[in-house]
Amino acid sequence: VLSKGGETLTEDLDDYRSRAQSVAEPAAWDYLAGGAGAERTLAANVAAFRGATVVPRVLVDVSAVETTVEVCGTRLAAPLGVAPVAYQRLWHPDGEAATAAGAAATGTLMIASMFSSVRYEQIAAAGGSRWLQLYVLRDRAILLDLVTRAEAAGFTALVVTVDTPRLGDRRRDVRNSFAIPPHAQSQNIDPATMALAGIPAPGGSALASHVDATYDPGLRWSDLEWLAERSGLPVVLKGILDPADANRAVDAGAAGIVVSNHGGRQLDGAIATLDALPAVAAAVAGRVPVLFDGGVRHGVDILVARALGADVVLVGRPPIWGLAAGGAAGVTGVLSRLRAELELAMALAGRPRLTDLDPAIIRRAPR
Amino acid sequence: VLSKGGETLTEDLDDYRSRAQSVAEPAAWDYLAGGAGAERTLAANVAAFRGATVVPRVLVDVSAVETTVEVCGTRLAAPLGVAPVAYQRLWHPDGEAATAAGAAATGTLMIASMFSSVRYEQIAAAGGSRWLQLYVLRDRAILLDLVTRAEAAGFTALVVTVDTPRLGDRRRDVRNSFAIPPHAQSQNIDPATMALAGIPAPGGSALASHVDATYDPGLRWSDLEWLAERSGLPVVLKGILDPADANRAVDAGAAGIVVSNHGGRQLDGAIATLDALPAVAAAVAGRVPVLFDGGVRHGVDILVARALGADVVLVGRPPIWGLAAGGAAGVTGVLSRLRAELELAMALAGRPRLTDLDPAIIRRAPR
Amino acid sequence: VLSKGGETLTEDLDDYRSRAQSVAEPAAWDYLAGGAGAERTLAANVAAFRGATVVPRVLVDVSAVETTVEVCGTRLAAPLGVAPVAYQRLWHPDGEAATAAGAAATGTLMIASMFSSVRYEQIAAAGGSRWLQLYVLRDRAILLDLVTRAEAAGFTALVVTVDTPRLGDRRRDVRNSFAIPPHAQSQNIDPATMALAGIPAPGGSALASHVDATYDPGLRWSDLEWLAERSGLPVVLKGILDPADANRAVDAGAAGIVVSNHGGRQLDGAIATLDALPAVAAAVAGRVPVLFDGGVRHGVDILVARALGADVVLVGRPPIWGLAAGGAAGVTGVLSRLRAELELAMALAGRPRLTDLDPAIIRRAPR
Amino acid sequence: VLSKGGETLTEDLDDYRSRAQSVAEPAAWDYLAGGAGAERTLAANVAAFRGATVVPRVLVDVSAVETTVEVCGTRLAAPLGVAPVAYQRLWHPDGEAATAAGAAATGTLMIASMFSSVRYEQIAAAGGSRWLQLYVLRDRAILLDLVTRAEAAGFTALVVTVDTPRLGDRRRDVRNSFAIPPHAQSQNIDPATMALAGIPAPGGSALASHVDATYDPGLRWSDLEWLAERSGLPVVLKGILDPADANRAVDAGAAGIVVSNHGGRQLDGAIATLDALPAVAAAVAGRVPVLFDGGVRHGVDILVARALGADVVLVGRPPIWGLAAGGAAGVTGVLSRLRAELELAMALAGRPRLTDLDPAIIRRAPR
C-alpha cells in the first residue's frame, strides 16, 4: 500500500489535477497549465519520459529504501522539491504558506518564488527547507534587499532564474487578458515595481508588460559574479540547457544549476529537459549539484532523471494541483505520493539507494 | 482452416477477450486487465511486437510442422504455457482446475499460482504438465511445506517470482477498493496468512496490504540457493530483465529463468519484455532455458519471441479470457488457437522446426 | 491536367475505392480488402511508403517521359501490372475479361489468377500482355494441363506463387463464413478440384479448406526445377522476401521474382514489402527482373519502388476497385491514372527515364 | 508583450488562419490551403519542424536583438519574406498591392508572383523591397518583356521557379473544377496567354491546362544561363532540393537559391524542405544566399531554418491568411508577428545576432 506515516495515499497526481481544474478560476488554471507558443515544449517535456524505460534488478534487499540527499547544504528526505511558482494565492487563499507547509511535512525542498503572494517570513514560518528564487531586476537595489530578507528569514540558498530576459509568449494568458488579481499580488516587493503585473493589458499579457518593464534583458555572467560576491548564500542558476553554459556556471561560482526550460513557458521549441540532461550532467561532472524540472509526473520519472544525472528533481505544476485541491494537505498529498512512488520504484527496480541509479539502468528509445 | 483435432477454431483471442469482459465482474476484470501506474509498461509490452517483423522463407517443405519442446525435463507439445495467475475462481467457478485441464488438453504448460483458489491436488488431477509458482514469504516454513506438497502432487518444477519485493501500484484495484472475495480465496495456505488479501482496504489495495505483511522484501540470492538446496525440484526464476541478473541466476543454480515484467503490473516504466529479451538470452547463452511473457497476443508473437531467444513463451491474460468465457473449453480454445496460429506462422515463414527460428529472421524497427 | 489519350482523369484511386465499396457485396468486399490476422502487415505495406521521400532534380528536360519497359520478353508501356486476384466475377459480371481489357488498353501487364472466374481463352481475347499465375496443386497433372492451355492462349510467362503452403488466417472471411458463390467460381479447373472453395465452412473459411485439400504444402525448390523444365514459358516466382531465397530462385532458373507478402493476406507480422525490397534487389543484382507489390496507392509509389530496385510494380486491390466501380472502363481508369501519376511524378522529380531512378534519390526515415 | 512600433500583437497565425478560412470563398481557400496528391509533403513540411528543437544559451545580453540581413543586394529588417503566391485578389480586393504594403511596413521581402492580379507597377508603389517571380514560358518574348518591366518598376531580383515543368496534381482544385475568376486574373500578361487559367476544365484543373499550354517543360540549365545574360537583375532559382542541383545553380550563375518544394503543391512524396536544407546549404557553402520555404508557422521555425543553413525564410500561406483576414493591415499583422516571434525566440535562445545561429544549437530527432 502506498502510504506515508501510516496514512494511505489513495489519490494520484491525475486525481489532484482533475480536482484542481474543477475548482480553479479558469484564467488562473490557464496561467498554471499553459506553456508558450504552440505548447510544443510543454508536451515534449512529458513525452520524453515515455522514451526512457528502466531495466530493473532483482533479489536485492529492498526492505529499506534510502532517499535522503543533501544539496547545497540542505538535507532532504527525498531528492524532490517544489519548483518556484509565482502568485500562489491564485489557487488557494493560503498560497505559498500552504505549499511550504506541505514541503516541510514531507521533507522536501520549497523554492519560493520571488513573486510570492505571501510574505517570505510567513513562508519561512512553515519551518522546512527553503530556498528563494529571484529574477534579476534592472533595479539592483531591490535584489540586494531581497537577499538580505531571505537570509534573515532562514532561506538557505538563492535560485536565480536565467532563462527569462523576456517573457515567453504565453498565448492562453493573452487570450484571457490575464493579470494578477489583487488577492494574489506580490506581498514582498514594492507595489510600484509590481504595478504592471496587476493591470490587464488589452490584447496582451500583463505579466509580459511587467517583465519588459522591470527585468534586465542585458543580464550577463558578470552580474552573477557580482551577486555571488554580495550574497552570503549559495547561488543556484535555474534554466541551464546547454553543456557549455553549465561549465561556465560552475566557473562563475554557481553553487548548483537547474536543468529547466521553465516548464515549456519560455522558448517554445526548446529541447525537452530530459533530452538535455545527460550532456549537461556530463559537463558538470559532479562539481556542483544538478537539479532538474520538466515533465515529471510519476515517481519513476524521478528515478529516471536521477539515473540520467539529476541530483534533485523539482515539480512545478503538481504541488499547485494539490494546493488548489486541498491547501497544505493537498500539497502534502502530492509530495507524499511522489515520494512514495519513488520509493516503490526504487524497490521494484532493485535500487534501494540513490547512488544505485546510473545511466546504465535506462534504455532510451531513439527520439 | 485453423483447427485442432478436427475441430474448427473460429474464435480468436480478441473474441475471447470481448466475451470475457462482458461476463466478468467489473472489479475482477480490472484486476486481470490492469497494470501498474499509468500502464505504460503494459502498453509497451504489446507495442514492442509491432516493431518486430518476420522475413519468411519459401519453398521449404512445411507439410509437417514440429513444435514439441522440452523444458526443465517437461515435454510440451508446443513452446507455450500458462503464466501463473492468482485467484482464478474470480473469473469462473472451476478456476485453476479448468485452466489446468485446458493446458493438459493442448499439451502446454500449466504454471499454477501459489495463490490458487483451487487446491494444488485438484489442479494436478487435470493430469498435464504442471509447475508451481511461489513467492518467498517471510515465514519460510510455509514455503517448505508448499514445496513438499508440490512434489507430492506431481508438480515438476518451482517458479519463484523475484520481481515482487513489494506490490506494484495497481491503480484500478485501489479505485475499486479491490479485495479477494470469499469464493476466490486461496485454498492452499492457512487463512491467517491470507487474511489481509480478503479485507477491503479503504482507499488502498488489499493485495498490497497482504504483500506488505507477508512477502519478504529482503529476499536475496542466498535465499534462492537455500531453497534450491532444499527442493528436489528444479527452481526457475521469474522476473529477470537484466542480463547481469540472468548470469547470476545461472550461477546461483537456477534451472531456468522467465523474462518478465509481471505483465506490466509491477514497475510501471520498466522495459518492454521483448526489448529486454535479446540481451538476456545472449547472457544465458543456452546454459538454461529462457522462458518469456509479456504482450503475446498472436501465434506469430510466439515465433518472434522464440527467434529472439525464448525457449518457451507464457501467456497470462489470454487463458483467463478463455476461462471466463467458457471454463476449461474456453482455456482449451485459447491455447489451441495460439498453438494453431504458431504452427501456421511457422509454415508461412518457411520454418517448420523451432530450431529454424533465430534472430536473423526478424527485422526490428528502431524503438 | 492528368489525362490519357486526351481524356481527363478526374477520379483518383480513393474515389474508385469509395465507389467500389459502396457497390460491392459486403463479404466480397471484405475478401478483397482484408488481410490476415490483425492486418498488421496489410497496414505496414502502405505505411512503409510514407517513410520514403523523393529528392527531385530540376531543369531537366521532361517534355518527354519514357516509361516503356521490357520484362521477361514482354514489352509494357509502363512498369505497371495487375497482380493476380482470384474470382474476379465477385465484383463485376465481366470479371477478369474486363480487367484484362483495362490492362490492354493501358499497355500494362495482366497477370491472370489460376482461379479466374472467366476462361483463360476469354482473358486472352482482350489482346494485351498476359501472364498466368499458378499455385502448385498436389495433383501435378492439373498443373501441366494449365501450362499447356496457357501457352496455347498466348500467355507469355507463368507466375508461380510460392508463399501459400497454407492459407493465411483471414479473419474477415471466417467471420463471414465466406465461400465463392456460384457466379464467381473458377471456370478453368474441374469442379471436383474446386468444390470446397464454394461450400461455406461453418466457423471457418471455405478457401482455407480448399487450399488444405488441394495445394501441396511440401513444395520445394526441386519442384520448381521440374516445372521450369516442362514449361516452354519463363517461370517467375511470386512471394520472395528473403535475399537468400532470391539468390536461390535465380540459381533454380527463375526468370524473375516478385517481392510480395501476398498483400498482407498470408503471414500477418511479415515484413513490409518496401522494407524487404532493397536487400532482395541487391541479391538479385540485375540477373533477372524484380517485380514488386504491396501498398502501392499512388504513382509516386511506383517511382519509389523502382528507385529501390523494382523493375515492374504490380497492384492488386486498385484495379479491382476500378472493376467494381465500372467494369473495363473502371480498370482502365485506375491503371491510366497510375500511369499518368507515375509520368507526372517522374517529370516533377526530374527523372524522365526509368533508368534515372536509383536509391540515391530516396530519403528513408528510420523504421 | 509582443509588439511592433508600440502596437500590441494579439493575434497569432492560427487566429489569422481561422479568420481567413471563415471569410474566403471555399474554392479559393482550397487553392491556397491544399497540396498535391494525398498532401503528404504538405504535412511533412510542417512536421519536420517538430523534430528540430533548440538548445538555448543564457546570460547573454539580449537587450538588443539584431535581425537585419542583406540578400542579393536587398537589405531587410528581418530574414523574412513573402513567397510568391499567384492571383492574390482571390482573397482580397487589394490583392498583391496590400501584400506588398504589408511587406514594406515590416521591412520584409515581397516576392511578387508573375501571375499577380495587380499590375507590377502598383505593387512597386508600395515602396518596399520587391523581387519578381517568373516561370519560363514557351514564348520567351513574354519573359523578356516582363524582365524589362520588372527592372523599370524597381524590382531588384528575379526568382525563377524551376520545379514546375508541369503542374502538381492538386486534387482539391480538380474536385472544385477550379478556375481563376475574372476579378482575380493576371493583370500583367496578355489575356490570350492566360486564357486557359480562367476557363473551368470539367473534371480537371484550369491551372494545369494553363501550365501545360504555356510553360516550357523542356527547360534546361542553358536556358537559365540565357536569361541571366539578358537580365540586368540577379537571378535566384526557386525549387532546389538536391545538393547537386544547388552546386550546379551556383556554377550556372544563380545569384541565390530557394530550397522549396512549392509548399507541397508539386511532387507529393517529395522530401520535406527542412530535411533537405542542411545538405543543400553545405553544398552551397556560402557562395550565394540560400532562401527557404515550407512549413514555417512560428518565429522559432525561422530561427531553426536559419540555424540549419537558410539565410532568408519565406512564408507563403501565412501572409495570405493576413490578406484575407484584413487586407494590408492583416499582412502587416502576420509579418510583424513573425518578426516579433523571431526576435523573442532569438532573445530566449540567447542568440541576439543572426550569426549566432548555427547547426550546433539544434537537436534533431531521427526522422
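In order of appearance the chains are A, B, C and D, and numbering begins at 1 in each one.
The working rule: contacts are C-beta pairs under 8 Å (C-beta built on N, C-alpha and C of every residue); 3 or more make two chains touch, one makes a residue touch a chain.
Keep in mind that this is a model prediction, so the values were computed, not measured.
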item: Interface sides of chain A and chain D: same vs different residues, half threshold; value: different
item: Distance between the centres, which are taken as Cα means, of chain B and chain A, whole angstrom; value: 42
item: CA centroid of chain B to CA centroid of chain C, Å; value: 42
item: Per-residue multi-chain contacts in chain D, two or more chains; value: 366
item: Pairs of chains found to touch, sorted by chain label; value: A-B, A-D, B-C, C-D
item: Touching residues (chain side chain A, partner chain B) in the complex; value: 1-3, 8, 10, 12, 49-50, 53-63, 298, 300-301, 303-304, 341, 344-345, 347-350, 363, 365-366
item: Residue numbers on chain D that touch chain C, as the complex places them; value: 37-38, 40-41, 44, 162-163, 165-166, 168-169, 171, 174, 201-205, 208-209, 212, 216-221, 223-224, 237, 239-242, 244-245, 248, 261, 266-272, 275-276, 366-367
